[in-house]
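Listed below are the structures to be examined.
Both complexes shown next keep subunit A, but they swap its partner, so subunit B is in the first and subunit C is in the second.
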Partner chain A sequence: MNPFVWRRGKAEKLLSLPVLEECFCACRQLPASMASSKKVVTRDEWERKLRDVKIRKEDMNRLVMNFLVTEGFVDAADKFRIESGTQPDIDLATITDRMEVKKAVQSGNVQEAIEKINDLNPTILDTNPQLYFHLQQQKLIELIRVGKINEALEFAQEELAPRGEENQAFLEEIEKTVALLVFEDVKNCPYGELLDVSQRLKTASEVNAAILTSQSHEKDPKLPSLLKMLIWTQNQLHEKAAYPRISNFSTAALEDPAI
Partner chain B sequence: MPAATASGGGARAEEAAASSSSAPSCVGMRPEELAARLAAAGGPGAAAGDGGGAGGEEGEQERVLALREIKNQIIGNRTKKLLYLRLGAVPAVVAALAEPGASPAALVQAAAAAGSFACGVDDGARAVLDAGAAGHLTRLLAHPDEKVVDACARALRMIYQSKQAPKFDVNNEKNMDFLLSLLDSKNENVTELAANIISHSCDSNTEQLALCGAGVPQKLVGLFGGSMNLRDACLDSMTAIIRDNCDVASRFASMDHGKYFRSIVGLIHDRSPRTRLLSCLCLIALGHASPCHFPDRQIKTKLILVLLELIEEPGNVGDEAPLALTTLIKDSVELQKQAFSTNAVVKLSNHLLANSLETRRAVTILFALAELCSKQEESRSQLMSGQVSTLILDALKHDCADIRVAACSCLKNISRSSKVLSAGRISCDTVIAPLVQLLYDSSTSVQIAALGAICNIAVNLTPRKSVLLHSGVVSQLVNLSKSMDPTLRLKSVWALRNIMFLLNPKDKDFILKELTVSTLSSLICDSEHFVQEQTLALVQNLLDGHVDSVNYVIAEDGMVLNAISRQLNSASAPGVCVQGMLVLANMAAGDELNKEAVMDVIVPHQADRIKSSFVVNFLQSKDKQLRVATLWCILNLIYPKCDTSSTRVTRLQNVGVISQVKGMMNDPCLDCKNTRQRLAKEKLGKGALHRDVCREP
Partner chain C sequence: MVANQEAAATESAPAATVDAMRLASRWRSPAEWEAAAAALEAEPLPSQLNTDNSSGLFAVVSIDKMSVKYLGVNHHGHDVGVVQADCPAPTHRAVYYFEMTVVNAGLKGQTSIGFTTESFKMRRQPGWESQSCGYHGDDGYLYRGPGKSESFGPKFTSSDIIGAGINYISQEFFLTKNGSLVGGFPKDIKGPLYPTVAVHSPGEELTVNFGKEQFCFDIEGYILEEKMKQQSVSDKLYLQPDISHWIVRSYLLHYGYQDTLNSLDMASETDPPANHQNGYGEPPEMYGLSHRKMLRQLIMNGDIDSAFKRLEEWYPQVIKDKTSVICFLLHSQRFIEYIRAEHLEDAVKYARANLANFLTHKAFEGLLKESVALLAYEKPSESCIGYLLDSPQREFVADAVNAAVLSTNPSMKDPESCLYSCLEKLLRQLTVCSSELRVFNNDQGDAFLLHKEVQTCERSRRS
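Moving on to the complex of A and B:
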């Protein structure tokens, strides 16, 4: 296939990005044999183009607020609200509650977390069997961690076994968790990762997402998606042109185009 | 609040016992104890502060703790809900809602517990309703404390999501005003409750019209600007108001120059997948209820694309999207074509291949694939040529009944295609054997689905019918034709009818020996007319082209013929009469003996008491098929011209049949007219034989 035709197809999807469109036109004028020689956009030219792009301050502020709220930086969000005048799309008090729940799971206090979720909104765990199961499973893991073997066994039988009867996938999870009881050295057994901090974090983030959803809030902040899109776009553009790209996202510094 | 710990288990009882004497604590308490404590804390005894119960502030605090603990134990936990139900905790919980001086804290906990009992457990919902919770919760929506209002609205939402909840009568003016006031609330929990009530209660035409007349659609669309969950609830109730109601749908579509309609169209590209699905469902309902107000092909194409994308979504949305697609393209050749051209078959197949068959999504995708194959030849061959065809065969043997049903309906629709069938991909042992096996399935819906597929496969199997006949299918079909379930009887007879089509005499005998003449006659007199009709069509195919077959009809003192005669004389459903007359027409094409047997059916013998023959009524029928069938029968009776046929003409004349035929010179139906002309000229070839197959819809 002619490489130009193929690229053109790709580029057409991105017609809304003016830079790319121009670049594609430049490409089309090149003969096929010179496909590898890319158009070069100098740093000056690039910065000039960027200067013409308008961004509204309020949009920026909202993105920042969205990030603070979703990630649960409640004090920062409150300060930012006062200083920038940006209204959060959620009651800031609920962030504190959400963060407390998250912290409870992260530190292994699962029962406390369950009660706090129920105080926050009793319909969350009733309508989300998977989350409820994962919390119960986490509770079992915590019992095993502190060596309360008898309690763990009783809990598994009384509370978890009925969930396993309701759902095959849950049953497999229970079996894996209970298997931890068989090993002397639980940390190094096949399912040892269940005792890892990462398991608590996984459960905590599931809880966090469910609470956000119950509050009609998206469970992921928008800033990371925006950065992801930037990386993807840069990669697309890289095939067609040499331009000052950003590689270090903590500084967002423009690099000189490599020719 | 007592500190909660992760410890439960063995020490619970002692801990609870130890703490209950000092500070009020209920955490970790056994359900029996807790239920008893709640019952003691409530009621007039407790309010008076005497006896064993706790009273006053302390009593109230203890009650809050008991309610909160019960709530925390039952939420998400079906087993615990059932346990507390048995212990009679529900009336005590609801009693806390009824208490006049109850603290907001107690009300919040009691409402949450009541809501949870109603969630996911039918008995729980019934108990909550029986205890009168709905009334108390509704009254408390006017409580000054916003937290109480939130809790009550949430609990009522749980209650109205249960099928056990009674319908909210919107035809009652007071109720409607109340509903409107809920929709106007500033509290989103309350407005969402109003939307849930509408979704739950609105299913009749009058209710839909009442809601539309009260301006509810405008209010619902007005709430789209609220939170995501509220918008989804509003979309769902919009669909309930529009569904199958042409009047409401067309009013809504043209409301404010289509502004409201467009706001729903706008949501099919929303960020939230659930909102996209719900807006698609709303538009699909609108399109079905009022096709003329939804002529925009472009939107329908967009709907197909959006739904195909939604299949990629995890959870419930991805599971339901294929069903929405199925509803959208149902019965529309054009939309099925469009779906095919957007690569729907490939996309759905790939998704099926990439995931396990265990899931609900596999079921819904198979149904969508089945619908795509219902009218589109290209879809059928694409599906059969892909890897998915093997998967469909695996699905026939799957443990889950829903998957087996879905796989059968795929095969049923694929085998509507003569091309696919004659290519031999379906008419082979690998497909037929598992299908026949499914006729023995423990689930009736699987049996019915398998019968559907076998019906269609039998149609085009003419050269290879022996594969089917020797698979043991006939004896099981005969068994099913005696089932208590009318659908099973219908479909098994239908399958036999299609197998009988163009079958050689030896195999026809084989079937009849299994079926027996007495079963055949009782099926002709079945309680359901659609079974009668299919059975008569089966007899038609039996008689076609096979002289000796008539013996079955006149065998055992003409048991079958008598049954047919009874049906025709008792003026059964028109379809039954048509099939009955076609059977007689086929018989009348035979020898003298057969013709006379038919004459005995249509002309009563008692010449003195001349009773008009049902044939005269049939010739006057509004049903043109019945008129044609009857004319064919008469034609076959008086052909060829000879002495005996002249006697028959005379007999027919005596009962007024011939004069009736003469009067039909200008019959509006062309078929009738032509047949009558041939009758008049009496210079015809051999009388026509009727045989027919019919595919499963």
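Moving on to the complex of A and C:
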């Protein structure tokens, strides 16, 4: 039911109240002289706020430990456990296994990697058809790299082709990879980047993430996402206020607010 | 040897520029930390209907204050039975949500749900007045102030469950019917908002659920999705490659975790993707690394006497002023170590000789009193000040000594950098930015708190 038709005059009077309130809020935040521009937080004020923040050392230690563990620095994680007394958030032995698999992919021993993954947990590849496909694709790439043309052809036909039938995206990937065979000088092949180290790294990090997930651990370390959150939050705040920002994360130096 | 060179270089550098007590926020006891974290989230939550300000003429609220029924015979638009919750929706969170069940749609089915401010006129439907909004059952319209109504969702009637929420992340209201999202709209009302329901024709009755019962709508899933939306926005931001690695490395350097650092560097050299370090230069915190590592070890093992000796040998200027913060912290830690070893007599003797003269210093009073109070307990570790015997207290002293040693580096220009690692500076910046941003959003939404963040990574592991 809409009773507004006969009440409009009254409603307009009511409206002025919140408008006033809004002006009041705005004035409270801004010095009168610059009511039209952004709020400015001086360096002194900002530094005072920074000083008042309470951050627990143990929490920072945990953040660092989480990085070492997730990135697979097993020795460093173990040393950090001893030096800082921080307990790792995963069994350190599992890192060693994970890193062996990762290393195998990075150095082109894909078959070894696949076997190791299955030793670790056979459900990983069963439940990740895409990961399994990328490993097979990597294996094909490695065969082409070392010039085992016959073996590569056989592998492509027997193992990869059937997978292309089940998935259009897989098929395109297979086509790109097989194209490498056609070019004698692979540098000129439009898909030459598949032979690049970065392709190995990409596959390796996919493997790494899948193993972490299977161990119910987050696949990415917390720190980079906090750094991104810092970029995002600084940008958001920048729209509303001028304040000392940090642009260079490696020095964490405060910059004077741009007025 | 590096050691001599360092010591020689620092003869003249002042050590007093660093106020190690600023690290004191670290040695708050764990219980205090939990309390501080909880206090941030401890907001009153709506739990029942407010019977004090309701338009008693037109509706009656049940004894348990969880349902309302229309009493009068409605003749016009000023005889609504409208009821607010007993307190406004909490704001220190990502999302607030509540539900109502239409028990009986009565004669005209004019039940409604929405949000209103404290000054709302308690005889009107939510949404009819400015600074309010409401979703009405008889037409399925959304009302957002005088003259502002629009077709919004399905009508609702007896036995329907209707929910209303505030999404502080996107700054939107949203409404649900029987567990599905009906829609959202911008939150343009300022100030504390009361969950509000209304009945407006004979026979109408509804009950509210402020979260005591399971909600019909999957609110947890909704929150997760909204957070992921925000996350995916920030995930697309560009981050310098390997910056995390650099920050972790400088953290290890800062605190003198040398063994960890060496392992990390060794792994990075043999590991192809981790060709880090390039582009950022060497941090200034290489200074005195092996000394700082040893001092930390000694203090973490409770061997304060040796720490004193080493400091005397390597960085005499740090403990030259016998009334300095560093001397006080080391002496009080020595005292605490006597207590830990249950050498009470030695503890008393040590306190008389070394701690008594700090009593006149206001800044030390708190820690000093608490440390001395350890003597009063038969089982000090179980007392309320037992945290002094925990390892974070040792770590606090070790961090303070570390900062003092760093401050003797003549090329360390910024005293802040002695106290805080790069990581800590960034986390402080994030905390302040996030809380300032909250202020601009009228104090609504989630504020960043590192303690909560690292806990969620623990939690997600366990679940």
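Here is the rule we use: the second predicted complex is superposed on the first by the 223 of 259 C-alpha atoms of A that agree within 3 Å, B and C clash if a C-alpha of one lies under 4 Å from a C-alpha of the other, contacts with A are read in each partner's own complex, and residues count from 1 in each chain.
Note that a contact is a pair of C-beta atoms (placed from the backbone, for glycine too) under 8 Å apart; a residue touches a chain by one contact, two chains touch by 3 or more.
The structure presented is a predicted model; accordingly, all values stated were derived computationally and were not measured.
Three-chain overlay on subunit A, with subunit B and subunit C in a clash.
After overlaying the two complexes on the shared chain, residue contacts for A:Asn118 are found with subunit B alone; subunit C is out of touch. Judged by the touch definition given at the top, the superposed model places A:Phe155 against subunit B, while subunit C stays out of reach.
By the document's definition of touching, neither partner reaches A:Thr96: not subunit B, not subunit C. In the superposition on chain A, A:Glu218 contacts both subunit B and subunit C.
Applying the stated contact rule after C-alpha superposition, one finds that A:Lys79 touches subunit C and leaves subunit B untouched.
Within the superposed three-chain model, A:Thr42 lies out of touch with both subunit B and subunit C [touch as defined at top]. Residue contacts after overlaying the shared chain place A:Thr251 against subunit C, while subunit B stays out of touching range.
In the superposition on chain A, contact of A:Asn167 is made with neither subunit B nor subunit C. A simple residue count on subunit A separates subunit B from subunit C, and the partner touching more is C.
For subunit C, the stretch among 20-28, 110-118, 218-226 or 272-280 that collides with subunit B in the superposed model is 218-226. Within subunit A, the residues touching subunit B in one complex and subunit C in the other are 216-218. Within the complex formed with subunit A, the residues of subunit B that make contact are 3-11, 68, 71-72, 75-79, 112, 115-116, 119-120, 151, 154, 157-158, 227-230, 271-272, 358.
Across the interface of their complex, subunit B is touched by residues 108-112, 114-115, 118, 121-123, 125-129, 132, 139, 142-143, 148, 150-152, 154-155, 159, 162, 166, 168, 214-218 of subunit A. Looking at the complex, you find that subunit A touches subunit C at residues 1-4, 7-8, 10-12, 14-15, 17-18, 21-22, 25, 41, 46, 49-51, 53-60, 62-64, 66-68, 71, 73, 75-76, 78-80, 82-85, 89-90, 103, 106, 197, 201, 204-205, 216-218, 221-234, 236-237, 240-241, 243, 246, 249-252, 254.
Residue ranges of subunit C in contact with subunit A, taken from their complex: 22, 25-26, 28, 33, 36, 76-77, 108, 110, 125, 128-131, 136, 138-139, 141, 143, 145-147, 149, 190-191, 200, 231, 233-235, 237, 239-240, 243-248, 250-252, 255, 257-264, 266-267, 271-274, 280-281, 293, 296-297, 300, 391-392, 395-396, 399, 421-434, 436-437, 440, 448, 450-451, 453-454, 457-458, 460-461, 463.
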